[in-house]
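Common to both upcoming complexes is chain A, partnered first by chain B, then by chain C.
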Partner chain A sequence: MSDMNAATVTRYRDDFLKEVEANVEEGDWVKMCMQCGVCSGSCPLGPHWEHPPQELFMMIRANKREEVLSSASMWYCTSCYNCLVRCPREVPITHIMHGLAHYAERLGLAPKELPTRKFSKIFWKNLSSSGHANETSLALKLYFMNGFGEGIKKAIEMLPVGLGMLRAKRMNPFGLFAHKGCTDKKGLNAILDKAREIELAKAAKYQA
Partner chain B sequence: MSDDKKYGAYICTGCGLGERLDSTAQTNVASRDGKMGVVREHGFLCNAEGVQLIRDDLASGEVSHVVIAACSRRAKTEAFAFDDVAMARANLREGVIWSQPDGDEARETTQEMAEDYVRMACAEIKFMATPQGDPVSDTSRRILVVGGGVSGMTSALETARAGYDVTIVEKSATLGGHAATLQTRIPQQAPYREPEPSGVDELIAAIEAEARIEVRLNAALTSTDGAPGRFEVEIGTESGSTASERFGAIVMATGYTDYDMANLPELGAGKSPDVVDQAGFEALVKAADGGPIQCPTNGREAKHVVFVQCAGQRSDQEGHLPYCSGHCCLTSIRQAMHAQEAGASATVLFSDLRTPGAAGEDFYRAGQECGVTFCKGTVSEVLPGDDDLEVRYNDLILDEQTSLRADLVVLATGMVPNSGVDIDTIAAEENEEADGVAAGAEGTAQENTVTIPVESILNLKYRQGPDVPQLKHGFADSHFICFPYESRRTGIYPTGPVRRPMDMQQAQEDATGAALKAIQAVEGAALGRAAHPRSGDLSFPSFRKEGCTQCKRCTVECPFGAIDEDEQSYPLFNSSRCRRCGTCMGACPVRVISFENYSVETVGQQLKIVEIPDEFEEKPRVLILACENDAYPALDMAGMTGQHYSPYVRIIPVRCLGSVNLIWVTDALNNGYDGVLLMGCKKGDNYQCHFVKGSELAHERISKVDETLKTLSLEPERVLTHEVAITDIQRIPEIINDYMKTIEKIGLSPFKF
Partner chain C sequence: MTDVVATNQTILVVGGGISGLTAALEAAECGKQVILVEKGPSVGGRVTQLYKYFPKLCFPTCGLEINLRRLKANRNLRVLTMAEVTAIDGEAGDYRVAVKLAPRHVNDNCTACGDCADAVEAEFDNEFDFGMGQRKGAYLPFNMAWPQRYVLDPRLIGTPDADKAKAACKADAIDLDMVEETVEMKVGAVIWATGWKPYDAGKIQPYGHGRFTNVVTNMEFERMLDPFGPTDGKIVRPSDGKAPTNIAFIQCAGSRDRNHLEHCSRICCMASLKQTTYVREQFADDVTSTIYYIDIRAIDRIDDFYRDVQADPNVKFIKSKVANITEDRDSHGLLLHGVDTEGYHRYSNPHDLVVLATGMEPSVPAGQVPGPVTGDEHGFVAADGAIFGAGCASEALDVNRAVQNATAAALRAIQVVNRVAATESRDV
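And then the complex of A and B:
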């Protein structure tokens, strides 16, 4: 990962905007931002972001590569789509935020301790291994995301909810072990491998 | 003469007037108090039968002067249109029954109001005559266009195509002006994605092909005199020869000068040849001829071009332009696209990117799409380095001081209008000199202000100065909202960037408008008709020479420079320059100026005839002099929308508050009115006054009344001035009713007999 980072740095020494355009989902929209700030004002979590979207776009144009890619800001996006709906330039801001986060992750620059990052990784692993999300397993993994003690505490806290779900037959405790997943797991894995291959090949093009 | 006058009053009982008012009493008032020879009632005066009733009386010679007691003078003007007949209207509908509550309690005061208005109309008509008009006898229909740029050429073409002969006078050796130096222009057609050819060559070709257009290059106006329909213009050429020509109207399309970037050393101007203004960049693009753009210093390729927006404009710093020039953002986008095309990377540093006009946002988007970088920041400094320039700026989004390197910096400086001499400054300087103040102070005051080459453009031989008056920042003054082309010199129409900053497309639209106004002025002058806002008015001011004291106040105060002076300092009225506001009449201390149908008497007699109840009746009387342009329609509309105001007011419309002669105020107070309210348009820099200065002058005059009131031991609240807009329909009854409370507080006037 860090090799890839080193390569891209050389390639885009002076033009982070071009790098974003080439590698980030919907990245070619970044140049269309007109700096009105409606996105930052619309974001329900805006006040908590270190750099709201308007600022991130400006930082991209100002070649602040390290700051942008190691920023926690875009990881705060909850995909509420307020910004995307309101942007007068119709910039797909939500997609770009996730695109940036994903690109940072690929380069190994994303901050490690972010709960949203952890969640994303757990969720993807859970989903991609069987093709269907195993909810019981996912919940347990999330409980213990921050260590064993925290996990026990969280489980006790959620006990009444869990019992209620059992009674209402909304949860099957055996699903943890007997999760079926999709019928053609092999096929699914082949698709995902192919997708990864395409994406890496695309990124590799810019690593020369 | 008075024997020839035969008066007839027609009282309408339609629209509920008959039910609400006692028409028999009105008939009695008209015949007994008003001394009307013929008084007739009709149930529907504005229908064919009612109008025929009046026409029959006029035809039989029984009546020559008509009083109509019905609706507002602003209503039913088509029905009550009698040629060559003087007419006064008593506003009983909007002004009385619609603005007063219905019911037994109000019946008496409403009737009093109606009877007073009938009396007033009868008093007014006695001093009215039909305006005869003062047409310019041998009107020239030829139009003079000063300036051969895009605005001037467009104006000339439009005028010629409408069937009028045109002469273009252009100072330089070629047509085209600034536009001729441009490689391309901001697109004027959808999809607004690419710069367009400037179109100047086509314009010039069209001008040359048009038989009605005569072009004089290397020429300027050395003298302009006369009035609409008969401007006598001397056109001087470079060789020194002059030619006298006669024109009907003048379009002043003198354009702008680029702001001198030498005033911006902090932005590197003058320190490095690689800092250019937009015109300079245009020349570089032209020199590159499709190849890479070369830096002026050493001819190296300009790889990074930085555009600095708002250079020396939108700034309150001395020597900078305080306004936005409107076209520079789009021009920079256009030029940045040229730079990108030539293989350079372009960055635009802006604080607010303003892209008005048709191309607007689409062109901005196109610029972004082709890779121009837009950065919101304000540039503090441009420093020349060894082999490039450092642009230091404050990034407004990231809130940090930062800098970038550039090979070429383009400063988007603004437009300075070529409006000639600021006649107000000249007047002020003359006053200063007269006071002996200016002698030593020279230079200090002017050091940091924008220096514009001040050479008169029109060389007007008017008493008021050689050029059209300016409003702010050197732009020609005109009523911005209602009649933008009418300058304060009738028949002279500033257009294009001399009027306000604008781009080429706006200038072309503007020039078309000015062409039409010029044609209107010529045709109006031939018929003796006024221009806006009293368009079509045939009346014009005249004065009684025996009474005149040659005080010159009328010539000084006329907002339109319509009055000159003869050798003995008597006023010389130029009726086709006149807008008929009556400001001269209001200014005249000896009251010798009058119009045929509007004079000190027509209003003075009205206010004197109102019955003033004695102090024991506890019915105050307040005179309202309301400007007919905004305040009077607002009062009418208050009535139409069923809003009620005090029955103790008597309203007289005036042409402009500027026409209010102080004798009316004095007479009103002497006659026992408890208060006088003046309602006019907004004054000042953002004025709404239809006659530009009328309202301001009225405020000035009234402010001096306070002293007089004190000497008469009257409260200053007895005479108040209000600024009222036509939209103040709700506010206007409030003003009146609040004022009645004030009168209640200070008590009735001690001057009641």
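And then the complex of A and C:
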């Protein structure tokens, strides 16, 4: 168990809802859910979730901490916002899904082999290093996410799409070697450092 | 010119539904002078569109008849139909009111023989049936309408149909020269009882009302049951006019929803439970009903009614708010998609008729009342403001509670005019 995880377990013993309210983005909305089911039924990926949002919210209230935080479910959210616009209580479901995933990641409880988790990490690294996403290198990294052999297969499969994008000037082949990024990288780094500092301070509060 | 005698000891009741009628009759039977202003061509309001009343399953016409008898017997009550209040100025005990009277083009010579209706050719969507059927350009809104006087649709004026109607009338009741007029009067107290209107189901996009032929509202369903209604009293699938086999009711369609109406409309749970008894009455064991719900709100004594419906093996309950509906274009069959709350099972259930339990919103939102009212955030008019809200204008109510509420409003109004009377007799 990570230190932070152990600390939060002690602090919020038997009250996972409170823990979520304090630490998860928009977490204080969870108690507003009236269990109607519209979100779960509206999610285009819903059939693939082990626990759809409605069920996750009930599990939070039922104190099922381990099951929720180690669940793959919220990692399936594609941010289509279908649930959010239909929820009769205007619960910001999409944001809570990402908040839960992020919180589980911070605690070191997120399942390791999830493609969406891997994608998030690759994407963040790609974006934060220069301030602009480098699409060429991002695409290549994603192809090779599951090993060399599969990467080659994927790259060949996507070749016609890639060529089409080149022709339509939607992709810069030299981006791999000379990606410009944003002008003030130092400023960007300062912003990100500050954000990290705030987040760590917030987390530290619960470690006492 | 219509003349109306009124003083600041007169009570004005706006809206002639069951609530307005009740308030007006209670006050008039206490000896007060009352003027009842109704926007439509006849009194009775929404209950005249219902087949039966929960919880007793009696016919609304029965209660209406009693009220009409009281009304005809009372000299203190003056009813103005096709009339709308356009301004209320002043304060309790001393209001000045303007009432706009729309031309009916039929005077009180009318014997309701119906010759004018036979004579005209033009037909229009029948608003009484929510446009499910057509009516003639000269018409009686419904069989029991009071006053029993025909109406000439203003769209006929200037067409040959208008002259045909006039020529056909043996009672000399048709007056094509009638024009809109506004009368002003003084009144002491105002009761606002303009009732409710069904929430526009078309706004609930995922349910497809208006796009899918076999998705109807609960009020449209009520109209199907009327033997003189658009389907001669038969429950049918609008797509082919045939009997359905497997009906779904969707609760809270547009109510308890921050995207639509925030309030619980209170009556729609009971309305759907009641409507499953219509299904049983017409089809015995041949047709099933399924109610999709968040929670069933059948309160206090009405709970027995809920238990009886639960005991019906042909009625199924699924705890889930349906997420969306899809339609098969050829068969017009419907699939209801969602996840239930008792086990989180995902379903896609076929039904061939869907009834949306749409709720009620105030027909005149408080902000649009042309006078000093206190409104809440849902647009209902407070019962204890300067103007007294009554019935469904003040909150979502069933008939029983609307009538109690209207009686309370009558009492409030009587207190105001009694105070006026006391001051005036002192002043003399």
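Please note the rule applied: the second predicted complex is superposed on the first by the 207 of 208 C-alpha atoms of A that agree within 3 Å, B and C clash if a C-alpha of one lies under 4 Å from a C-alpha of the other, contacts with A are read in each partner's own complex, and residues count from 1 in each chain.
Everything below uses one rule, namely that a contact is a pair of C-beta atoms (placed from the backbone, for glycine too) under 8 Å apart; a residue touches a chain by one contact, two chains touch by 3 or more.
Computed from a predicted structure; not experimentally measured.
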Three-chain arrangement built on chain A, chain B and chain C clash or fit: clash
First, second, both or neither for A:17, with chain B first and chain C second: first
Chain B versus chain C as contact partner of A:147, first or second or both or neither: neither
First (chain B), second (chain C), both or neither touched by A:42: second
Partner chain in contact with A:61 - chain B first, chain C second, else both or neither: first
First, second, both or neither for A:160, with chain B first and chain C second: neither
Dominant toucher of chain A (residue count), chain B or chain C: C
Which superposed partner A:34 touches (first chain B, second chain C, both, neither): both
Against chain B, colliding segment of chain C, chosen among 168-176, 240-248, 312-320 or 384-392: 168-176
Set intersection of chain A contacts, chain C complex versus chain B complex: 34-35, 54-55, 89
Interfacial residue positions of chain A with respect to chain C in the complex: 34-42, 46-47, 51-52, 54-55, 85-86, 88-90
Residues of chain A defined as touching chain B within the complex: 17, 31-32, 34-35, 54-55, 58-59, 61-62, 89
Chain A contact footprint on chain B (complex, rising order): 353, 364-365, 368-369, 371, 373-376, 395, 397-398, 402
Footprint of chain A on chain C - complex, ascending: 206, 252, 256-260, 294, 320-324, 337-341, 344, 346
